[in-house]
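We just call them A, B, C and D in the order they show up, numbering each chain from 1.
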Amino acid sequence: MAKKIPSRSKSSMLTQEENRKDLGFGTKITSERVRLINKDGTFNVRRVGDSFLNSVNWYHRLIILGWRKFFGIIFLFYFLLNIVFACLYLFIGIEYLEGISNEHQQPAFWEAFFFSAQTLTTVGYGRISPTGFWANSVAGLEALIGLLLIALATGLFYGRFSRSVPRIRFSKNIVVAPYLDINGLMFRIIHERDNELIDLDVEMTLSCLDTLPSGAKIRKYYPLDLERDHVNFFPLNWTLVHPITEDSPLANATEKSLADADAEFLIMIRAIDETFMQQVHVRFSYHYEELLWGAKFEPMFDTSVQGDIAVRVSDIDRYQPASLNT
Amino acid sequence: MAKKIPSRSKSSMLTQEENRKDLGFGTKITSERVRLINKDGTFNVRRVGDSFLNSVNWYHRLIILGWRKFFGIIFLFYFLLNIVFACLYLFIGIEYLEGISNEHQQPAFWEAFFFSAQTLTTVGYGRISPTGFWANSVAGLEALIGLLLIALATGLFYGRFSRSVPRIRFSKNIVVAPYLDINGLMFRIIHERDNELIDLDVEMTLSCLDTLPSGAKIRKYYPLDLERDHVNFFPLNWTLVHPITEDSPLANATEKSLADADAEFLIMIRAIDETFMQQVHVRFSYHYEELLWGAKFEPMFDTSVQGDIAVRVSDIDRYQPASLNT
Amino acid sequence: MAKKIPSRSKSSMLTQEENRKDLGFGTKITSERVRLINKDGTFNVRRVGDSFLNSVNWYHRLIILGWRKFFGIIFLFYFLLNIVFACLYLFIGIEYLEGISNEHQQPAFWEAFFFSAQTLTTVGYGRISPTGFWANSVAGLEALIGLLLIALATGLFYGRFSRSVPRIRFSKNIVVAPYLDINGLMFRIIHERDNELIDLDVEMTLSCLDTLPSGAKIRKYYPLDLERDHVNFFPLNWTLVHPITEDSPLANATEKSLADADAEFLIMIRAIDETFMQQVHVRFSYHYEELLWGAKFEPMFDTSVQGDIAVRVSDIDRYQPASLNT
Amino acid sequence: MAKKIPSRSKSSMLTQEENRKDLGFGTKITSERVRLINKDGTFNVRRVGDSFLNSVNWYHRLIILGWRKFFGIIFLFYFLLNIVFACLYLFIGIEYLEGISNEHQQPAFWEAFFFSAQTLTTVGYGRISPTGFWANSVAGLEALIGLLLIALATGLFYGRFSRSVPRIRFSKNIVVAPYLDINGLMFRIIHERDNELIDLDVEMTLSCLDTLPSGAKIRKYYPLDLERDHVNFFPLNWTLVHPITEDSPLANATEKSLADADAEFLIMIRAIDETFMQQVHVRFSYHYEELLWGAKFEPMFDTSVQGDIAVRVSDIDRYQPASLNT
C-alpha cells in the first residue's frame, strides 16, 4: 500500500516555532541549578554512551592541556620508551652493544637505557654502538621512531604556541545602573594581553524558565539588544549596555522574578586576533546571583601615567552604588 | 566579413533557467541507481582522460590516508631508501667504510645498510664512518636527504594531526513524523568528539528525476526549508525538521512517487571547529530507501547521569512508530 | 590666513564617477597590445623605482618557485656553506681536527669539507672531531646554524606542500553559441585534481577601450552577468554562460568592434579548497582573438565508463560549429 | 525587599547614543597632543596595573621582533644553556666525561661546554662521551631539551617567515585637491612588495574634538565616504578620494578649525594576501599637520619602461600645487 504524506497550509504553530530563538540548547533543560555555560566558556553538557577512544580528539586534548602537564607527558613518554628499548637490547644480548665499559661498574640495564636515549634523540655518541643484525635493526628502528616523535612534538609545540587564546577579562559582576535617562544592564570587558583584538562583535542572550499553562516548565531564550554591539578596535576597556526600555525582556523584572526564572545572561564575543589574523570566539555567562542592583562602574583611566593614554586593568571590577532612574 | 552578435530582450526561457536551482551536478545525471553523494560525503563522480600523475594531489592523498597506511608507507620508504644507499656504498667499495668489524660475521651488505640508516637518521654513532671522497660525498648527501625527508614528515604529521575532521553522526534513517499540527521530514545529528563545533548552518536539498513532456528525464533540485537552519552552539543533539506544508516539494508525495523519482535528500552542513577556528563542511545524503514513514525519534537525554546535562550518543538511531497528522 | 575648503552639493559628475566600475586597473591603461591579466593569472604590471631587496618577499618567492629550482637552491646552499666552514677549519689549522687519517691520501680541504657536512647535518660520526677552543667553537656554531637551517627548510617544505594551488582548467576558447532562444558567451572549466573545490563563485568583466568626445581613449570595465554564478559542488565540468540580451554590453557587438576596443574578458573565481578549508582565488582572461563565433561545446560525459558518473577532462576544448539564433 | 527594574519607552537620548559612531576609543580621550593611531599602526594606549608576565603574549612578542634581535636571543640562549650544562657536568665530575684529552691543554670547563654543545645540537661526535649514571642522565636530558628547543625554534621560524606582513606605503601627505567639479580629500597607497594583495576595502574616519554646551570637550568620530572604497586587484597605485560635498563633515572646514579640533584622519584597510590567502588589516592615520591645501598628486606611470605597464613606487609622495574649485 502506497503511503502518502498529508500536508496542510502553513500553521500558526509552525510560524511561532520558527520565530522562537534557540542557541542550540533546546527547551528541555529545566533543572534550576545547572548553568548552561561555565565561567571558562565550556558547556555544561556531557556526551555519554560512546567509547572514550572513539570520542576523544587527541589533538584537541594535547593542545588545551596546561604547559606543565604537557611537558610532564613528554618526559614520562621519553622515560618509558627508553625503558622499553633498553629491555629489547637486553633481550637481544648486551654483548651486541659494543663498547660498554665496566670501569664505572654500571649495570647492563642502565647502559642499554642510555644507549637507547642516545639513539632516540639521534645524538649517537658512538662510544656504545650496535653490532650484529638484530641490535642494528632495533637501533635503526628506534632512530626512525625518534625522528617521527620529534616531528610530532614539533607540530604540537607549534600548534600550542601559535594558537590564539584571547584573554578577555569580564567584570566580576553584571550591574543594573542608571543609563542616560533610563536604566541599563551593564558589564565591561578588557583584553589582558599586549597583542590586539580587532573587529569585536558581542551578542547577549537571556536564558530563563517559562511556565506553560500546563504547569510544565520550558527554557526560553531572549536576545538582549545592546546600545552598541560592534567596535573596530579594542585597545581600551569596553562597557556593554543593554538599555532597559519597555521593549526589553527585562522590563519590570525583579530580583525575585529573575531568581525564579533561573535567569542566566549568555554572552558571545567574536573578534579577530591581529597577531594570527584568526577569528576567535569567547563565551561567558553571568548567573542571576552575579547581578548587582543600583551600581555603576568606576572609570579605569589612569591619569597618573604621563604621555600615553593609560587604562588600569585591575580596576575592571570596581563599582560604586548608584540610584536608578525611575 | 564582420560577424555580429544578434541579441534579444530577456526571454522567459532565460528567466526560468536562471531560477532553476543547481548544486553543480547539472540536469543530465538521470541514471536511477547512482547516488550523487556517498555516505562518506564524497561525490560519485570520476574525472578521467587525464594522466594519473597530473591529476593526483599528493598532499591531499597523504593527508586523508589512514594512519596505518601512512606509517606503512613511511617504514617502507625508509627501508627502500636504505637499500638504495647500501648498494651505493657497496658499489664504491665496502673498504671505504672504516670500522666494519668481522666479529659478528655480518655480511657487508647489512653493514652498509645499517650505516646508511645511521646516516639517514643523523644518529651517526661513528663506529663505522666513511673515508675517501666518494663514500664521504654519498654520506654527506644522504644526511641532507635525511633531513629534508624529516622536514617533509614533520609537515605531513602536523598537517594530518592538526586538520579538523568533524565527526558529525547522522541518524541512520530520515523519518516522516508528526510535527506540531502538521507533519515533518526529520533527521538528527550529534557531534561524536569532545571538542566543540559552533555556528552550524544546515541546508537540505531534494534531488529527483522529472519527466519532460517529450518523455526524456532530467534531474531537478528543490530546496527543502528547515524550521531552523542555524544554531550557535552544538553541545547536544539536534533534530532538523522540514515542515511538510502545502508549499513543500514533498506535499502529497507517496512512497512510490519518491521511488519513481529516485529521490535523494542531500544535506550540507557548515560549522566552525573551535579547536582550530576553522570552517568545516560536512556532506551527507539519504536515499529514498532510508526514509521511514510514521516514526518519531526518542529523546536522547540520559537522566541516570547526575549533575551535568547528559546525552547518550548511541541513542541517535532510536525511534518509535507514530501516526501522522492528517 | 586661514584656508577654507569650498564645497558644493553632490554633483552629477561625482555620481557618474561613483557608478563607474573599476577592478583596480584604472582608466589610463590604453595601450592596445597589453593584456591586463596573463594566462597564468598574474598581472601585466611592474612596480619599479624601489630597491630589489626592499620589494622582494622572500617567502613568496621561495613558495612559488618550481620544485626543481627549489631543490637546486637547497643543494647549492649546502655545498657553499660547507666550503665556507671548510675554509674556516683550514684557517684554524687542520691539526685541530683530530682523527684525520692519511690512509686514503685525501687532501686536507676535503677532510675539512666532509667534517663540516657531518657537523651541519648533526650526523657527527666522530671519526674526525674538533679539539681546542676555536675548532670547537666553530663546530658548535655550525651545528646551531645547521639546526636553524633545518627549521627553515621544514617550514618552507610544509608551506609549499600544504599550500592550496587549485588547478582549474579553462577551455582554450570562449565561444558565442546559441543558448535557449537567444545567444550566449560561453566558456567552461573543470578541476584537474582529485581533491574537491566547493562553493565556487565566478565573476566576468569586459575590459575595453572607449573613445571620449575629445578623441582620447580610456579603458572601461563592464560586468557581464552570468546565467548562474555560484555552485555548491564542482565534481563535474561547468559551462559558464553570459546570456547576450539587449541589456548586455555585448549586444550588437561585431568581431571588428571587439578588436577595435581591445576587448579582454576578465574572469575571477573564488572557491574553497576542501583539503585545506582555505579560500582560493583564480584569475584568467580571454583576449578577443580567443573568441570563436558560432561554436558550441561538446558534452564531456564519458559513457564508456561503467558504474560511476565519468567526465573526460581532455575533452574540455572540444566544440562543434553551431549557427546562432537570430 | 524585591528590587524591580524601572523601565521607560525608548528615549531620544538613547537613539542619539545608538547612532553615535565609535571605533572603540570612546569619547573621553580629549588631550590634544595625543595621536590615537601611530604611524606604524599601533594604538597610543597602555594597559597598566597587570603583572608583566601575565599580560605579555610571548608568541606575539617573538613574532614581531626584528630578525637581528631574534637571532641574538637564540645565540645568547644557546650560549647560556651550554654554560649551565657545563657547570652540571663539572659538578658531577669531569672524569665521567670519557675521552677528554690533555693534548691541547684546554681547561675542563671548556671541554664540558663543548661536550654540552655537541649534545644539545645532537651532533654527538663521541670523542667525549658520558659514562656513569649521572653524566649519562644529564646528557640524556640535555639531548631531549635540545630537541624540544629545536621544535620551538622551527615553529617560531615558520611562524615569522610565513606571516603575512603587507607593506602598503601611504603618501607622506593627505591633500585637499580639485576633484571633478568639486574638491576632494585625497591620499594614495601602493603595495611595495612583489606578491599581490587582492580585494581591498578601505574605511576613513575623522576623529575630532567637539565642545559641549557645558564647555567640556568630547571626542567624536565621523565617517568620511569614499568615492570608491573597494578594488578587486591592487597591482598599481590607488588614489583614495573623499569628495567634499555639502554633506561632508569637512564642508566649510578651515585650517584653523581642523587644528582646534585636533583632527586626525584614521584609515583602516582590509585586504587578502594572495600568497597566504589570509586576511590582513592595515591601520594608518594622518594628523592635521600632514594635510596639504591645494595640491594634487602627480601620475606614477613610468613610460620609460618598455612593454609592461610600469609604476614608479618612489613617486608616491610627489605632488604639485593646484587651485581648488570654488
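One rule holds in what follows: contacts are C-beta pairs under 8 Å (C-beta built on N, C-alpha and C of every residue); 3 or more make two chains touch, one makes a residue touch a chain.
Since the structure is predicted, the reported quantities are computational estimates derived from the model, not experimental observations.
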item: Shortest contact path, chain A to chain D, counted in steps; value: 1
item: Cα-superposition angle relating the copies chain B and chain A, to nearest 5°; value: 90
item: Chain whose Cα centroid lies at the greatest distance from that of chain D; value: B
item: Self-contact between copies chain C and chain D, residue sets same or different by half; value: different
item: Separation of mean Cα positions, chain D and chain C [Å, integer]; value: 27
item: Whole-Å gap between the CA centroids of chain A and chain C; value: 38
item: Touching two or more other chains - residue numbers and ranges from chain B; value: 118, 122-126, 150, 154, 158
item: Residue ranges of chain C touching chain D (in the complex, touch as defined); value: 2-11, 13-14, 17-18, 22-26, 28-29, 31, 34, 43-50, 54-61, 63-64, 96, 98-99, 119, 122-126, 129-133, 136-137, 139-140, 143-144, 146-148, 150-152, 154-156, 158-159, 164, 268, 278-281
item: Chain A residues within the chain C interface of the complex; value: 122, 124-126, 154
item: Residue numbers on chain A that touch chain D, as the complex places them; value: 74-75, 78, 82, 101, 103-104, 106, 110, 114, 117-118, 121-127, 150, 153-154, 157-158, 161-162, 176, 180-183, 190-196, 198, 200, 227-228, 231-236, 238, 243-248, 250-257, 272, 274-275, 277, 293-294, 299, 301-302, 305, 308-315, 324-326
